[in-house]
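One chain, chain A, links the two complexes that follow: it is found with chain B in the first and with chain C in the second.
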Partner chain A sequence: MVPGARQHVGNWPGKTVEKKEGSFSHKGVPLKLVDLPGTYSLTAAAEDELVSRNFIIEEKPDLVVDVVDASNLERNLYLTMLLLELDTNVLLVLNMTDLAKEKGYKINIDNLSQKLGIPIIATVATKGKGIAELKDAILKAAQTRITKKNALNYDKQIESLIDYLVAILTKDKNLPAKYPLRWLAIKLLEKDEQALAVAKTSAVSRELLEVVA
Partner chain B sequence: MRLSELKPGQEATVTKIENTTTARRRIMDMGLVKGSKVKVICRAPLGDPLEIEIRDYKLSLRKKDAQNILVTEAE
Partner chain C sequence: MKAKKVLGDDADIVLADARYEQISKIIEASLVKGERKRTVTDVLDKVFLNKYVGIPAFFALLWAVFQFTFEASAPFMGLIEMLFAWLSSLAAQIPNEVVASLLADGIFGGLGFILSFTAPIFFLFFALSLLEDSGYLARVAFVFDKLMFKLGLHGRSFIPMLLGFGCNLPAIMAARSIEGKKDRLITILTVPFMSCAARLPVYVLIAGAFFASHAATAVWSMYVIGIVVAILFALLLRKTILKGEPAPFIIELPTYKMPTLWGSVLHMWERGVSFLKKAGTYLLVGAIILWVLSVLPWGVEAGSGDSLIGLIGQTLQPLFGPLGFNWQIVSSLVFAFLAKELVVESLGVIYGVGGEASIQAALVASITPVSAFALMVFTLLYVPCLATVGVIKKETGSWKWTLFAVLSEMAIAYLGALLIVGLGGLLGFS
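This part shows the complex of A and B:
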């Protein structure tokens, strides 16, 4: 994703766990891009996933551009859901749409965009298709922060637990500025290591651990 | 039966994931959850690793991880 960069792609320990940065300007607006480790998930247990996740939580970027292989949406939209749950501004890029077409997939982009509540751009990066539209969309999406409804609603029992945890988390004055509280509540229910560590040092740790431990 | 016991070409449905927390989370993140349909593509010599097809993509699993995934074979 870094403009003008030619980089090797690989997936092994040590590969792209660091971030790469680049910048360009579009329609006179300077934009800074940070390429995060490519992942399928955002757990605390994997180093690359934690790098991406912490960047989004700590740096609060104007926009997260989620580039996915359009020929395997079922697997890749999982990360999109996790990003939406992180309460970040997301632009979904369906890349390799040529391959998806070859596989016989017809993707109803308007419908998907409406369901997810986020803008979607189709590209074929190797052929430069959709890149101009992508730049326009990045600029537009980065400047407009849409307030979304919950990306995913769980069943009643889990939702009421989430609400209960959010109510406790709200009492710690330090937390709301740092973490999306619904996200933190969900991670606590998942017994996510990082979320548990946050809970332990929180002013409301006793109340939280009564529910989660 | 266990996912590790399936032969290449056999299809099955996941019924239970008995792996420890981290591995379990990782496996579920890759889309392998209760009710998922899987098909064994091939096995390396000695059965490790094992390549399966799931949700229209191919996934390699360690034998020790596949041993903790319970499945029922498709009819």
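This part shows the complex of A and C:
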């Protein structure tokens, strides 16, 4: 079996508007990489974010490599949260750890990994540090998908809303194969354009819109 | 069950808040922030990101860029020009009159002339690559973003605008990363005012002829005027037909890095080579067509008022009378609708061989310095090239907006040039 790993790299806006593809092999296993537009979020309103999001939903990559600036975790982990909500297999790469050190940050990677429920690799890409470990980790993570509990639980009321919507969504036989239902329920609550469009054409549209509208 | 009862009207914000709350909890447990060392980046950003100093510092750096471009490229321009003058004199000796004229006047006179401007284009790209690779350009986007947001515009637009300095095409495409249809449209409609590399030869030729030691400053002023007009036009659109509220955006500021010579040369080459490719294809075909138009009907003096090119120019010249443009300039502007380099190329064909100095002398003899500056402004502001029109159509998906873009750019260019002529008159220049 050949697992295909796809890479997701952050960038400043304006640089990558479209996805780019490449491939390499590691330990004899061929890997296909797709570089998606770098974003901080995954809303339906911006085209680059939508490109990334649709790719993940439609192509269901074996692994999403989320490369973030280690010196700016507060901002960058938001995307990680969204990726986890999308029910993807995520490998988090803390890049620019040299800079984080310069800023005086001490990151407890084991703790962070455990809290998020995903593997983490630290790198300094400009100096080639951690790249060998990264390749190993990509291979391992792409082959062994870890089933994790939700990294983020909302408060009780919101969670029961989500459960209620998921129960309705399950009734439409077409949806579960296409979308992670918990994600779709959350997006419906956010009144996400794309999610609302899906809801409107679904067999359970009336029930859904009754809750959301 | 009603979602609204639990989440209120701004469910997306409530959920985003919950995510950030979770993130800060996680970070609190896994990250210790120790003593922060003051880095080089902090010190430089004190200046470059400063509310008051940031934008003037950018314009000052840009001025230095043009001084460098002018000084460094002058000897190379001379060399390339000598090469083509020599080739042209060789070609003139070919016995077949038509072939001799096509090669001497069309190819070497027109295309060769524009090729001598390869030097300033490459040096400009080199200087801009240094600024980009050092991490500075991201700061420029940041300071302009703040200004534009205050003006009610989408700050993210300035990145496509900066890309526009190289070529407007990828810049217009980069507007895709902008949220909201209206903000995207505003960006697409304003990017063409950013002075792309194709316009540089026109400025260099004219500024060199009329403004001598202030030539680099005159060229620099085009880039400044381009930015100012783009922002003013964006404001106008925002207040009239594309009303709305801007969304704040975050930009990642990389740390400053010492740019490497090799890296910047590579960057320069990647961008500059597209100009050479254009010269080998479109501009070559352009030179041939211009030459044909300049010698037909066969027998007239090449490039004179009796040739086809002369007739086109003379027919439209009255429109440009108030700006003080002669028919030679008017016909070059007509062809430059296809690509801006054609201004230089057609002047080369019309005024015949003899290189930069003789064409500059002919220009100085026929228009005033004020009209010359107006010509630079006109070139800056009107439709960049046919390809941009195509991309605007593709990106807006609407002929209506494409037509609007073309017409508004023409009108703004004409008004801008007229304003220069008027101001020049008021200030007593002539």
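Please note the rule applied: the second predicted complex is superposed on the first by the 198 of 213 C-alpha atoms of A that agree within 3 Å, B and C clash if a C-alpha of one lies under 4 Å from a C-alpha of the other, contacts with A are read in each partner's own complex, and residues count from 1 in each chain.
Heads up, the rule we're going with is that contacts are C-beta pairs under 8 Å (C-beta built on N, C-alpha and C of every residue); 3 or more make two chains touch, one makes a residue touch a chain.
Here the structure is a predicted model, which means the values were calculated and not measured.
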So, does A:Glu74 touch the first partner chain B, the second partner chain C, both, or neither? both
More chain A residues in contact - chain B or chain C: C
Have a look at where A:Ile186 lands relative to chain B and chain C in the superposition and call it first, second, both or neither. second
Touching A:Pro37 in the superposition: chain B (first), chain C (second), both, neither? second
Under the stated touch criterion, which partner chain does A:Leu112 make contact with: chain B (first), chain C (second), both, or neither? second
Taking the contacts chain A makes with chain B in one complex and with chain C in the other, which residues are shared? 40, 43, 45-46, 72, 74-75, 78, 190-191
Interfacial residue positions of chain A with respect to chain C in the complex: 10, 12-14, 17, 37, 40, 43, 45-48, 69, 72-75, 77-78, 81-82, 99, 102-109, 111-112, 115-116, 151-152, 154-155, 157-158, 161, 164, 186, 188-192, 211-212
Write out the stretch or stretches of chain B touching chain A in their complex. 21-22, 25-26, 29-31, 55-57
Contact set on chain A toward chain B in their complex: 40-41, 43, 45-46, 72, 74-75, 78, 190-191
So, in the complex, the side of chain C touching chain A is made of residues 1-3, 6-7, 11-12, 14-16, 18-20, 22-24, 26-27, 29-37, 39, 138, 156, 159-160, 163, 173-174, 176-180, 249-252, 254-255
